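I have placed the structure first, in the form of structure tokens, so that the comments after it can refer back to it.
Labels A, B and C are assigned to the chains in the order they are written; within every chain, residues are numbered from 1.
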Amino acid sequence: MDLILVTLDLVGTFVFALSGALVGVRHRLDLFGVLVLSFVAANGGGVMRDALIGATPPAALQDWRYVAISIVAGLFTFWRAGTIERWRNPVQSIDAVGLGVFAVAGALKAQAFGLGPVGAMLLGMLTGIGGGMIRDVLVAQVPTVLKAELYAIAALAGAGVVVLGTALSLPVAWVAGAGIVACTGLRLFAIRRGWKLPVAQPPA
Amino acid sequence: MDLILVTLDLVGTFVFALSGALVGVRHRLDLFGVLVLSFVAANGGGVMRDALIGATPPAALQDWRYVAISIVAGLFTFWRAGTIERWRNPVQSIDAVGLGVFAVAGALKAQAFGLGPVGAMLLGMLTGIGGGMIRDVLVAQVPTVLKAELYAIAALAGAGVVVLGTALSLPVAWVAGAGIVACTGLRLFAIRRGWKLPVAQPPA
Amino acid sequence: MDLILVTLDLVGTFVFALSGALVGVRHRLDLFGVLVLSFVAANGGGVMRDALIGATPPAALQDWRYVAISIVAGLFTFWRAGTIERWRNPVQSIDAVGLGVFAVAGALKAQAFGLGPVGAMLLGMLTGIGGGMIRDVLVAQVPTVLKAELYAIAALAGAGVVVLGTALSLPVAWVAGAGIVACTGLRLFAIRRGWKLPVAQPPA
């Protein structure tokens, strides 16, 4: 089970890094800028979570594999952005898996550091969406996750399954699996059906 | 006294959350985005302070009341933004009270975690203005507090009263009360009189 | 040696603060906004590093000299921005020294807090470039360091010399000196020769 989780985590990191690098290329950053966006999109959510729960130094700065994967994804995108754009559909599907893994792993880690149910759900969600938010802020854009698509809610659902399963003392492996399936499934459904949240209507 | 402080803190949270949600509505975010802005405007300053002084996990993630109040303020604003806009004057006055409470509570907590006078004043101010700064950055705007109105200085004054009072070993309850009055009073005066700081003139 | 390092650190803080204040003046912030940008440009990188390695509260909030230097630089720039603009060349050269000192000091501190080679290099670089990134985000601009000039790579080189020297158990004073010379020299060469990294070409 651990091997599966670690593998999914590294796959999620790679796909999130692709999303960051692609945003960097679209904004005509230089090679360094593309690598920074690649790294923060993949690891920014987890780094913020670790800083907030006091798990310092953050895991992404201690394990060279996360840095290496981000760099590989960034270099590939820098020279082959057109390829990634053509892969948009498969990348979006794998991104949904990464979202589930990040949300579940984030909620589990937050609980391990003593957070209660509400805090663990919020930090699980932050682990999933935080990297993309920093990515968008760094190119001076309103984060996509705040204005379109059903994305954060899926992360919240995955984290919620973890909190619920822990409260019921279910085995961690089953809880983690169910959380990932819930988040990823909801996200894939939302993509296929075009589900969105209502958008605010400013008063005239 | 404690009951008064907690009540003021929750009222301040609610009013700061309204300001965040209103910015979200004006930028046509979706429901999730409005709730995020509601939460960060109300709690972002305190969360940054707690991360910087090592008080992890942050209080706002451990006490469900702050999350609940932010969500209620966000939902209300999402569906009734016009009402909040019409309440602008009372909301601005209550916001001045919230600013005072946050600045004073932030300075006290920073002192309790070993910060010196300068650090405690800066972190008291950050507690008051930090949430609004994140709110504005998330919608890709220059934070209002950096370019208009006398707002941060009022927070700094409130935090300064706390630092001074502590140095003189005055009773905490009196010091806290005086700090809130100083900050809120200065802010209300500035609103009424239209006081502003000088604005930079770039060389031609 | 310590006296030299502290002096260089304070000089670097002053020059970084000038860069922040100048950006604030160009964006017509008010006096408070100019001082905030002055402070975050000078100290934001170190504050982020300290939060990430758990060195709380951050040094910049505990030592009043960093705050005082930032304020002096900010006030001077607020009233004499034209003078700073005319000094652009010397300021840019001193900035290169500051970059080297910050990157080296950051990598050393990260190592002292248990970071491995990759983490220490990244955090040394972040110490050098993080303040400028926050400065640019606060005026809703894409950070300069992500899109132009060879700047971050110089910081990375300085931090890399520290990591390498430590691995070889060389004396710290020599390692620190070599790291500063490597970073500052590379940066000055890049300015003089107009060296830049390749820029991303979005697919048509």
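Observations on the model:
Everything below uses one rule, namely that a contact is a pair of C-beta atoms (placed from the backbone, for glycine too) under 8 Å apart; a residue touches a chain by one contact, two chains touch by 3 or more.
Model, not experiment: these values are computed from the prediction.
Common neighbours of subunit A and subunit C, listed by label, are B. In a homomeric contact, the two copies may use the same or different surfaces; for subunit A and subunit B, under half of the interface residue numbers are shared, pointing to different surfaces. When the CA atoms of subunit B are superposed on those of subunit C, the rotation angle is 120 degrees to the nearest 5. Here the spacing of subunit A and subunit B, counted between their Cα centres, is 29 Å. Residues of subunit B in contact with two or more other chains: 51, 54, 137, 140. Taken together, the subunit B residues at the contact with subunit A in this complex read 24-34, 36-37, 47, 51, 54, 56-58, 61-62, 64, 67, 78, 81-82, 85, 137-140. Against subunit B, in their complex, subunit A makes its touches with residues 51-54, 110, 113-116, 118-119, 122-123, 133, 137, 140-143, 145-148, 152-153, 196-203.
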